[in-house]
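Each structure below is given as structure tokens.
In what comes next, chain A is part of two complexes: it sits with chain B in the first one and with chain C in the second one.
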Partner chain A sequence: MRPLWQIPRDGLFWLLISVLISIALHFDHLPPWVALAGIVAALWQIQLYRERWRQPGRLLKWSLAGACGAGLLLHYGRMTGLEPMVALLFSGYILKLLEIHHRRDALVLLYLSYLIIILQSLFSTTIGASLLVLMALLPVTAALVAMHGSTDNSRPATALRTALSMTLQAMPLMLVMFIVMPRIGSLWAVPQQNSATTGVSDSMSPGDMTQLGRSGAVAFRVEFDGPIPAQHKLYWRGLVFSSFDGRRWEQQASKAYQDGQFLQWPNQPLAAWDKMIVRRGQALSYRVTLEATHSPWLFALSTPVSRSSSVALSRDFRLVNNEPVVSKLQYPVTSWLEHQLEPSSLPDWRHNIELALPAGYNPKTRAIAKQWREETPDIAALIDRLLGLFNREFIYTLRPPALGKHTVDEFLWGTKKGFCEFYASSFVFFMRAAGVPARVVVGYQGGERHPSENYLLVHQYDAHAWAEVWIEGQGWLRVDPTAAVAPQRIEISFADLFAEREGFLSASPFSLEHLRDIDWLNKLRLKLDAMDYAWSKWVLGYENIQNDFLLGLLGGITPQRIALLLLFAGGIALLPVFIMLYLSREKSTRDQLDRLFLQYCTRLEDIGLARKPGEGPRDFAERIYQRAPSLTVPVDTLTQLYESARYSEIKVGDVQRFKVALKAFKPSRKALLSSSC
Partner chain B sequence: MSKASQQITEAIIDRVESVLVGKQHAVRLALACLYAGGHLLIEDLPGMGKTTLAQALAAAIGLSYTRVQFTSDLLPADIIGVSVYDRNKAAFEFHPGPLFNQLVLADEINRTTPKTQSALLEAMAEGQVSVEGETRQLPQPFYVIATQNPLSQSGTFPLPESQLDRFLMRLRLGYPDPEAERQLLSGADPRSKLASMSRGVTPLQLATLQEEVSQVKVSASLVDYLQRLLQFTRNSGDVDYGISPRGGMAVLKSARAWALMAGRDYVIPEDIQAVFAPVCAHRLPVSGGEHRAENFIQQTLNSVDII
Partner chain C sequence: MIKRWRQILDRRYQQWITRRLPPIKKIRLDNRKLFIFPTRAGVVFLGLLVLLWLMATNFENNVVFAFTFLLAALFIIAVFHTFLNLSGLHIEGARASPGFAGQTAEFEYLLSQTGQRQRYSIEFSHPGVEPTVVSLTGGEVTSIYLAIPVNRRGWCQARRIRVHSVYPLGLLKVWTYLQFNSSALVYPQAIDTALPAQGAAGLGDKAPPENYMANNSGSEDFVGLEKYRLGESLRHIAWKQFAREQGLLTKHYADAIDDELWLDWELLPGLDSEARLSRLCAWTLGFSENQQPYGLRLPGVELAPGTGRAHRDAVLRELALFEQPKVAAGPV
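And now, the complex of A and B:
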């Protein structure tokens, strides 16, 4: 079966390039066989073009579609979520490549290519990725240009050049739209991306943090209004775990809190529990730019308040976003480092939450905790005694031995080697067993100061878990058992502590972090990070400053002013294009005489006597004599004048004479013969 | 000057029309072709007046005329001439063939072999023939009017494109209109008038006319128009390749003659449009029938604006 429509050669070339680029961009998060299927489909299309192979039959296409659906279901085990959806779209896109019968099919594929390439920005929005996406759009535009080309043998480079100039011409307008267009909140919720995320998760079991310790990715950056506080004060609280099932620490269900709503939004009246926060001393203001976590929780120093309307303060005194953070998010925070949380006595239900322990786990720890509490009734002394034990006998390592059922027992009295979550978990378990309310807090600790840009860079390997203990009259106190084992972990940066050791960064084999010792490479790394930060602050985070910027520009934001600004700035942005078009316009060969002759034609056209294309002045005049004899004299005069001036030789005054004659020439419909057809 | 040329033209056309009734347009084109110094190919069915036209033109212009019926056994020597040994002079003497006339009617040119065809076509292109190592000039002016029958192609040798190109124009006469046909049927055979026909132009006048043709003015915008027409034929996907530059020059030469015949000393677009189809149709490689070539030419003329 021959295709009904022959795809232009250059169009096919760029279409296939677009498909291959789409595959390359999404290679990370596609099942490999989908990418392979894409390459096979592209080959098939080439063979179709060369008339070597035939169009796939209906049966084959249906079975391929079925196989793709089944394969995706098998691969992901579910169809909801970002990645399965993208993969589903992708397989449809690839199957469509096998049936290009009309130009509209090719166009559908190209529009899909645009969508699929843009979808990449859901997965990454760094400068590099954004530039890559922008460049990847170019071949698609070239294919679009080629599909609309007239000849089918033009060279692909021609289409690319046209696409490039079109893209460049669109750039100014793009910038204006970026600056002026009001941002609309997402119209639909982006499905949560479930796999391959890094960052702290909503539960903690032994070994979780170890994974993070191997990643050099940036978690967030913080820009302080004043100087950056000392390293040991930088405890970025993210999640509070009060519920333990013997192995896994989890958040307490929010309905367990019985005093008012769990989340307090900035624009709502203060919740009853807000008065349990005592804020003292100097307020510390800073802005956090968080990388996508696909989770709603945010990170801040205790105890925080955020002015952002989408950020709430929760009952356990941490910040929560109103939706999962799927792209970079910037939020302003004010923290009081000196504070007390719930200093007055805890009600019974609070005691129950913060003391709960699963039955049947870690009997040895329970017994020893009870015994120690009897020996050391003072809570502060009890804490010191346990920390002292850690300090003397325990080893801080990124490669802890595996633990069995009684994790705390085995760790405290057996292996004695572990990472921060081992210490936090067993510390809190011990405290609860001793009857002291305690909970696990997870977040990040410390960060890397950027030497020149005055911001703090927090990496995934700064992820940390510590404990909070409640003491009557003082409220919740932060206790970091890791500090007792490895004080340097808190005092100096994590990277310095673990550099070149124990699989640190083994999950980021290409990270520049490996080369921190080489000075200029380290500088390069920090420079790149500063660029990335500026990108996320000014481009991705532009939404946050757009309002202020426009307010300063317009003196008040109304739809009319926005529209006017859009028109004005759009006009300015397009001005170079207009100038370019004006300068490069084809030098018109029409001189004044031809323009006057065209006026003459227009006047006759207005009364229904249009000159046909290719009709000479004399033939035209002959036709007018037939249709409107009363115009014979003026038409004859004008035709003679034009003809002799145009085709014999132009004499001085010819144009002027034509002009004068034309001025007097005002034909009307009355001149037409009514009987004429 | 131009008035005189117009009068001469009318005189010639009147004479030819008295023999070939109701074919004024074709006669004008044929005359324009001769003014422009080009050869004419007439393609039509038998009995449409091809020979009559050629004879009448020869008589009205006063040229020496022969007719050669081309057959498959015709040899080049038959049209060029042969040297015969003269015993009295004891030397070979050249006996010129029918080509040594000012107007040669080559009837059914596609019936003869390529060998003879090319002998004729060489004469047409060079205005001279080479016989036995000696180049002999043909009389001036030298015109060939060739005819061919588009039907019954069996046993013919169709002219290749390169040789078709030697003809300035290709005409078709077609059936006469009813009035002319009635006139033709009711009167005596118009060909009887041929013998008594006086010439309408002297050889000197004809030479002057041909000189005038080359002086007809062509303005820049007209050249521009013609070039766009040629460009259109080349860029269109309907034909494999368009009109050659030589074809363009042929159009311009014919248009000049056409303008002169209308009493003008400058060419207007209508002149080009009038001669475009006869000059270009046989130069276009269009497969699928002659009508397609003519449709394509009409489409070209309708698509390219004069301005």
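And now, the complex of A and C:
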């Protein structure tokens, strides 16, 4: 069967390139056989074009479609969620490749290519991935151009050039729309992809955090309104663990808190427990840009107040987002580093929560704790005594020996080797056993100051666990037992401390972090991170600053002003296009004509007939008739053509004709009348 | 009902177009003459933009927003590119080659431009007919030929042509209708009948003897001057003698005249005039092919026998314009 419509050669070329690029972009979240099917379909289409193979029959096509559907169902086990949907779209896209009978079919494929390529941005929004998507859109546009403007001998490069120049012209306009167009927020809930990313998890058992120590990925970045506080003050609280089952620390169920709602939203009346927070001293304002964690909890310095309507303050004084953070999230926070939490007294139910210990675990620690409390009734002194023990006898290591059932007993009185969570866990257990309310806090500690940009870079390896102890009259106090073992851990960056040791960053073998010691590479790494931060601030989190930005620009946000700005800025963005398209083309002809006329004059000058300054072409021609009558005919023709090309409104190819006539115009000195010399 | 309304609308539209775009000789396309609108593919593309926008909004993904806006900007940029693919193009209604009734006549149009703009895939067509697609890649003049079916002999006015382009992205179409005032000559339909036998066509007794004895066809020996009679070719009038006020005389030449042929209107009695013209037309073509000299005699018209292409065209022209307006509405 002959196809009804033959796709232009360059159109097919760019179409297939688009398909292959789409496959490449989605390769890591497609079943491999879908990608393979795509490549086979592309080859088939090439063979169809060369008339080597025949169209697949209807039966084959339907069975392929059925096989694809069944295969996807088998692979994913469900058809909801982003990845299965993309895979389904993909298989339809690939099957469509086998039946390009009309221009319409090719257009459907190209539109799907646009869609599928842009869908990639739902999976990754880094600068690199976005640039790749931008480049991947070019062949699709080139295919559209080739599909509509192909001549018999047009080359693929021509279409690509047109596509490139149109895309470049569209960029300023895109920028204007990006800045101005309002974002209205999610209209309905959408399936989010659940990919496992490293980060602090919602429970803590021995060894969990070693994973984080091996990752050099960025956890979040913080931009302070003022100077960045000292390193030892930067405790980014994320989760509070008050419940221990002998091995695992977990959050207390929120309904266990009996005084009002657990979450305090900014636009709601203050909860009863809010007055238990005493904020003193200077407020510290900053903006956190958190990488996707797929969890709702946020990180902030104690004690925080959220300035974002989607972020709540919880009963245990940390920030919680209204939904899991599935893509970069920016939130503004104000913190009071000087503060007291629940200083007056704890009711019985609070005591019960913060003193609870599982029966049957760590008997030795319980006994010793009781004994120490009797010997040292002052809580501060008791803490110092335990920290002193840590300082003298314990070793900080990222590769601690494994622990059995009685984790705290074995650690405190046996192995004595471990890292933050071992210390925090055993410290809190000890304190509770001694009758002092205590809890574990996990989050991040410290961060890397960017040398040129004023922001702090917090990596996954900065993950940390510490303790909070409640003392009557003072409230919750932060105690970091790790600091007693390895004070440098708190005073300098974690990375500097561990750079030489094994285990650190072993999960990120290609991380630039490994090359911190090479100065220029380190600078490059920080430069790249500054770019990445600017990207996340100005692009990924633009809706957070859009309001302020437009307010500063317009002095008030009304629909009229937005429309005016859109028109005005859009006009400016289109100006280069106007200039390029309208002016350049008129100029080129004018120039060409002038150049040709100059050639004409030069040739006459060569035989001694120079045009006088200011002499019009017609006067010049009259003078030539006098001097060289034999040139009358060609000179007259050329002059007429020049005049009509130059002055008449409709110039039917006169420039071209002038050019042709000029080619034949070769005056010689013989033409001159000897008498007039 | 709907059909009637559609017809009325269509007629109104055609009237409006005619008013807006009157017949012309040549034209430079610009924004006053061009119309631009999204194609069906363009509307689907806008749908794609809405889909992407919904996705960006729901996933709160600014990168998807950026690419959605990029495609939207591409659409807007395409408006200019599409428009400029036609704008600035010069179209001139040039010659029209004659055709026979029942067949087609071809109109030639000259395309040119002042600049060096590359123009791709411009479609020229008479409405409802498969278009001729042209790309212009420089300043040269390009000809296109559009044929229209013709039914009646005489002058045929050029039909309105549609100039249409969707380059570069196919999202928008820019088009115009142009009515050029060129005309094509339509010869009568050639109805093939057997050629009349040698001599039979014109040797009948109806032919005046003088013409039979001596004709004024050509280059042979000059015989003398005779008094001018109505119907004789003006080419043979002796203008010098006329200037000397000797009266209107015609120059006559002697010829070998025995096998002279006359395609005579009177030879086909009993047929209506169109049928007669059709037969005369067919004979003209036949004799012309055989290189035989032949003359034409219609009421009020007489062309002396001759051969050659020019003679054939002159004969056919007389047949075409017999009892028709002699002057075309525009250039031929």
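Throughout what follows, the second predicted complex is superposed on the first by the 376 of 677 C-alpha atoms of A that agree within 3 Å, B and C clash if a C-alpha of one lies under 4 Å from a C-alpha of the other, contacts with A are read in each partner's own complex, and residues count from 1 in each chain.
In the analysis below, contacts are C-beta pairs under 8 Å (C-beta built on N, C-alpha and C of every residue); 3 or more make two chains touch, one makes a residue touch a chain.
In this text, all values refer to a predicted model and were calculated from it rather than measured experimentally.
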item	value
Greater chain A contact set [chain C / chain B]	C
Which of chain B and chain C A:Arg618 touches, first, second, both or neither	first
First, second, both or neither for A:Leu137, with chain B first and chain C second	second
Which of chain B and chain C A:Leu564 touches, first, second, both or neither	neither
Which superposed partner A:Val655 touches (first chain B, second chain C, both, neither)	second
Which superposed partner A:Leu60 touches (first chain B, second chain C, both, neither)	neither
Touching partner for A:Leu173 - first (chain B), second (chain C), both, neither	second
Touching both chain B and chain C, residues of chain A	589, 649
For the chain C and chain A complex, residues of the former touching the latter	26, 28, 41, 44-45, 48, 51-52, 54-55, 57-74, 76-78, 80-81, 84, 88, 90, 92, 110, 112-117, 120-121, 135, 137-141, 166-170
Residue ranges of chain A in contact with chain C within the complex	104, 107, 111, 114-115, 118-119, 121-122, 125, 130, 133-134, 137, 141, 144-145, 147-151, 162, 166-167, 169-171, 173-174, 177-178, 181, 183-188, 190, 327, 539-543, 574, 577-578, 581-582, 585-586, 588-589, 592, 649-653, 655-656
Parts of chain B lying in touch with chain A, wherever the complex brings them together	217, 219, 221-222, 224, 265-270, 273, 301-307
Chain B-facing residues of chain A, complex	589-590, 594, 597-598, 612-619, 643-644, 646-649
